[in-house]
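Shown next, in structure tokens, is the structure this report addresses.
Here the chain labels run A, B, C, D and E in written order, and each chain numbers its own residues starting at 1.
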Amino acid sequence: GTKSNNSTSKDNTSNGGTDTLIVATEPGFAPYEYIKGDQVVGIDMDIAQAIADALGKKLEIKQMDFDGALLAVQQGKVDFVAAGVSVDSEREKVMDFSVDYVNSKEVVVVSKENPGVSDLEDLNDKVIGVQQGNIADFWVSNEENVTPKEVKRYTKFAQAAEDLKNGKIDCIVMDFYPAEELVAANDTLTIIDGTLFEDKYAIAVQKGNTELLEDINGVINQLIEDGKIEEFTANHTNAQ
Amino acid sequence: MESLREWIVSVGDSYYNAFIVEDRYKYYLEGLKITLSISLLAILLGAFIGIVVAMVKESASRVKGLRWLGSICNGYINIIRGTPVLLQLLIIYNLVFTSRNTNEVVVAAICFGINSGAYVAEIVRAGIESIDKGQYEAGRSLGFNSNQTMFYIIMPQAIKNILPALGNEFIVLIKETSVASVIAVTDLTKAAQYIGSRTWDILPPLIISAIFYLIIVLGLTKLLGYLERRMSQGDRN
Amino acid sequence: MESLREWIVSVGDSYYNAFIVEDRYKYYLEGLKITLSISLLAILLGAFIGIVVAMVKESASRVKGLRWLGSICNGYINIIRGTPVLLQLLIIYNLVFTSRNTNEVVVAAICFGINSGAYVAEIVRAGIESIDKGQYEAGRSLGFNSNQTMFYIIMPQAIKNILPALGNEFIVLIKETSVASVIAVTDLTKAAQYIGSRTWDILPPLIISAIFYLIIVLGLTKLLGYLERRMSQGDRN
Amino acid sequence: MIETKNLKKQFGTHVVLNGINQTIRKGEKVVIIGPSGSGKSTFLRCLNLLETPSEGEIWFEGENITDPKTNMNLLRRKMGMVFQQFNLFPHLTVKENITLAPIKLGLMDKTAADKRALELLERIGLSSKANAYPRQLSGGQKQRIAIIRALAMNPDVMLFDEPTSALDPEMVGEVLELMKELAEDGMTMVVVTHEMGFAREVATRVMFIDEGEIKEQNEPKAFFEAPQNPRLKDFLSKVL
Amino acid sequence: MIETKNLKKQFGTHVVLNGINQTIRKGEKVVIIGPSGSGKSTFLRCLNLLETPSEGEIWFEGENITDPKTNMNLLRRKMGMVFQQFNLFPHLTVKENITLAPIKLGLMDKTAADKRALELLERIGLSSKANAYPRQLSGGQKQRIAIIRALAMNPDVMLFDEPTSALDPEMVGEVLELMKELAEDGMTMVVVTHEMGFAREVATRVMFIDEGEIKEQNEPKAFFEAPQNPRLKDFLSKVL
């Protein structure tokens, strides 16, 4: 039946009965998550694997659209989302976040030849591409931040990049690392110097699932302490 | 009892949130407008392509030197009918429309028009084939050449069979264009998804947009049935 | 000349990248397997639902007290035929399957099965109506009641008309399930999109997956045509 | 055996049978003639309730079969019906056509039904066709099979609706021959036909139906040689 | 006027016309009879090239029309054809049916064509139907309109393919009457028909076609009273 998303019902939250741990992600976000062969890999996936290992469970990866993944975790369809999810006050109302494991910055990608945007102050009245439901989507949709001509919301960054190359949009607002991957693969694109805004990535779990949250926090803190996160990052950025 | 009341209130709330708050109904209406625009442009283009393709195929089958033209038409029809419209949309969008000023609605309309053309071509072919061969022979025996016969005698009659099928194709398009949401077109379906990603409650906007579709599609189906009956009544007088 | 060579090499590279590098072809095959699994499960479910709905409607039209059952069936058919399959998919996915252990392939198959059921119901109805009324009367005049007549006499004949249409519906489903990519199913279309996300070159994987679809769909269409011809030949002997 | 009391049938406002009072006794062979659309088929089809009468009663073997409580499936087993279009079941072999109803309705087991079917086929000289399908038969063969299919239910009365109208002329004879044999065996028969020769030779009574009424009836000699009703006279002048 | 030299026509391996050598002179009225499937229609349709002969030549008004260089559209204007199924254009009024070809082919302007159409309609007493649609006409009216539609092109010869076979008996007369008038006016006519009365009365020559050959021909009196060919004798015995 219908279930209000604000409900904190516990029926699906505890996964005690099963021996798999389900993580949702959108594997179009290298180096955090991407496709290699027929596998989903990336920094987030390494972290997720570490969590599963710590809990002694089998990890199952579900590939979803970004906004779909955030809904799935609220509904308890998955145990957690590891998809470069930015911590955000709106989101905190409907899901719980682990400690953050990445300090990320959001940047602006433009075309090298004829940049539709000259600097970070120049976003007003531009056509901006973002991933639907991503933190950048919320940021550019907030009139206090910027008043764009139009916001185009994509499910895949690759489609946004294609449109940027073809000049259908003026710029993409996205996370720095994936943006680097993007410009590395497309030499007609470049990143504008500077940071639009900063944010932190964390793992999202269903609201009220403190048990799992604590386990995850433990694992992440340990990984940070051991310098594993940098190691993962290096693996996936140098692999390019 | 109490919990039932609560449930009703919470459901009511959800829908209020999904429809009224922040004037969200405007999104649906805007989305509906785009859905209908895409479908209408697409059926016009599809009808044009379909009729041309059907006529070319028809002529090519009669003239030996034009076989290759017929093969091209068949290739087009097979490729369109052999692949999902979603993929066609993605491919055409990325392959053909790479210029800056592409209006996504126009792009979507062109994609669906190209898609629809293949189906319309088959509709037109069936419409032409449904005309008694005697009509063609009567035309030829009066001294018309085969194109004149087609134009003055066969097509005017075939159109009567084709129009209802075209109307139906339009209705199919209204539903099918919902996949246009993958190319950043904010049609009715995308509008619902967008609202869902704002309210964190995805179901109510989906159901609201489903109701919009239902009203439009069933309404048009009824209307079409009515017009068809009227046309065939005219026949019997 | 030189630039043409370069262009060919770069295109070749793109496709090499989209298919061979990192064993990406495995990803398409995995996607194809999922597309076919969804379609197959969906047609089985759709055939089951469709036959039941058609039979219920048929009986309800004969028995006064069962009118409401007929209305429910009509409501189901109208809702399904009146809304885009994409929306149906999203709604069913979010409305019904909210548990942690939902297998997306099964969910998608159920959604498309429910969708297909409405179309199959119409196929079955047409199949039953295509049987000469005299067959029904002959059955009744031998003392069969109407269910027995349906079961022993009408259905065995109707199935012969229904099977090709069901085969066709299966082919339609293969294409239609491409929209399953909006829920967390990595079917053939979604696989292509993810590979595009990885290579930042989205056209080649789309075209590769289109070719997969084309081969499957046209192949099955040919096969179906062949089986149909064989069946109708059997008729004439 | 069969009695109709004020039998009426209308389709919408179109009155097809306008009050028919007739009694058909055991062993009678009644032939019904009349112009096209006069209601011959409708009358016949009312007798075994393939059409539900709008008004009036039909009594069969002492039972009011127009009473909604009668089990018309049981009733119809006692009334064999032969149609103009044969209506053999195309998906079944000749033998299966004959045995389907006796077996499925539990009147005989398969062995007994097969034996009976072969006897009947023997009788019409078609035992070689037992395993053929209807499409492999000529029209005359089909109609004769249809007749023995009805006979296999051991009916008390046989209804024929223009059994020879759909046949090529050279096949009419073999069907009429079989019907004559049935008549000689004492079967009660009600036959709608345009074969005046058959009526003369076999009928115990001929009825002329027009405008939904039995306008005249008589034993065949008087009927054909001294018709009273002017419409019958006119009709006979055209068809004889 | 029309001459066929060794005219042959086959469909696949099925030889329908097997070498026909005939000359039809101006003003002749030739009636063609023969069993079903003997090639009557095919012969007629070859004359105006609705069927392309497989072999042989057809000469019309001194021109070899089987030569691929002839403009068969011009040729067909000189040969009116009347079909069994009338083939009126259902989407046009009676007047438009008659005037369509003369106007569109540039033979007359609209005023002249309308005038001519009304004259022709007058002649057959159907001027009141000028603005009716074909579906509002009886079969006999339709066929007479079809005849004057052909006449409106001022053809030199008229071909009739069983013009009365699709008509109810009471309408055959009016069509034959019109054809007789045409004959009296001196029109060259080739008529396939089963109306032996018409053949006797109007024909200047009757041909019997069988197995794709003209087996016998003669002026009507001798043809019907003293047939030579055994197949013709047999045929006449059945149809007369």
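The rule is simple: a residue touches a chain if its C-beta (ideal position, glycine included) is under 8 Å from a C-beta of that chain, and two chains touch if they have at least 3 such contacts.
Values in this document were obtained by computation on a predicted structure and should not be read as measured data.
Visitor: Expressed in steps between touching chains, what is the minimal separation of subunit A and subunit E?
Guide: The distance in steps between these two chains is 2.
Visitor: Which contact partners do subunit A and subunit C have in common?
Guide: Output, common partners of subunit A and subunit C: B.
Visitor: Mind checking the centre-to-centre distance between subunit C and subunit D? Centres are C-alpha means, answer in whole Å.
Guide: 47
Visitor: Mind checking the centre-to-centre distance between subunit B and subunit D? Centres are C-alpha means, answer in whole Å.
Guide: That pair's centroid distance is 54 Å.
Visitor: Mind checking the centre-to-centre distance between subunit A and subunit D? Centres are C-alpha means, answer in whole Å.
Guide: That pair's centroid distance is 80 Å.
Visitor: Quick one: which residues in subunit B touch 2 or more of the other chains?
Guide: 94, 193, 202-203
Visitor: Which residue numbers or ranges of subunit E touch two or more of the other chains?
Guide: none
Visitor: List, in ascending order, every residue of subunit A touching at least 2 other chains.
Guide: Residues 2, 71, 159, 162 of subunit A touch two or more partner chains.
Visitor: Identify every two-chain combination in which the chains touch.
Guide: Chains touch in the following pairs: A-B, A-C, B-C, B-E, C-D.
Visitor: Can you name the residues of subunit C that touch subunit D in the complex?
Guide: That would be residues 132, 134-135, 137-138, 140-145, 148, 152-153, 156-157, 160, 235-237 of subunit C.
Visitor: Looking at the complex, which residues from subunit E come into contact with subunit B?
Guide: Against subunit B, the touching part of subunit E is residues 48, 50, 73-74, 76-77, 79-81, 83, 85, 87-91, 100-101, 104-105, 135-136, 146, 149-150, 153.
Visitor: Going by the contact rule set out above, which residues of subunit C touch subunit B in the complex?
Guide: So the residues of subunit C touching subunit B come out as 78-79, 81-88, 90-91, 94-95, 175-176, 178-179, 181, 189, 192-193, 202-203, 206-207, 209-210, 213-214, 217-218, 221.
Visitor: Using the touch definition up top, name the residues of subunit A that touch subunit C in the complex.
Guide: On the subunit A side, the touching residues are 2-3, 12, 15, 18, 22, 24, 27-30, 34-38, 62-65, 68-69, 71-72, 75-79, 156-159, 161-162, 181-182, 185-186.
Visitor: Okay, in this complex, where on subunit A does subunit B touch?
Guide: Per the stated touch rule, the residues are 2, 4-5, 67, 71, 74, 93-94, 129, 132-133, 137, 152-155, 159, 162-163, 165-168.
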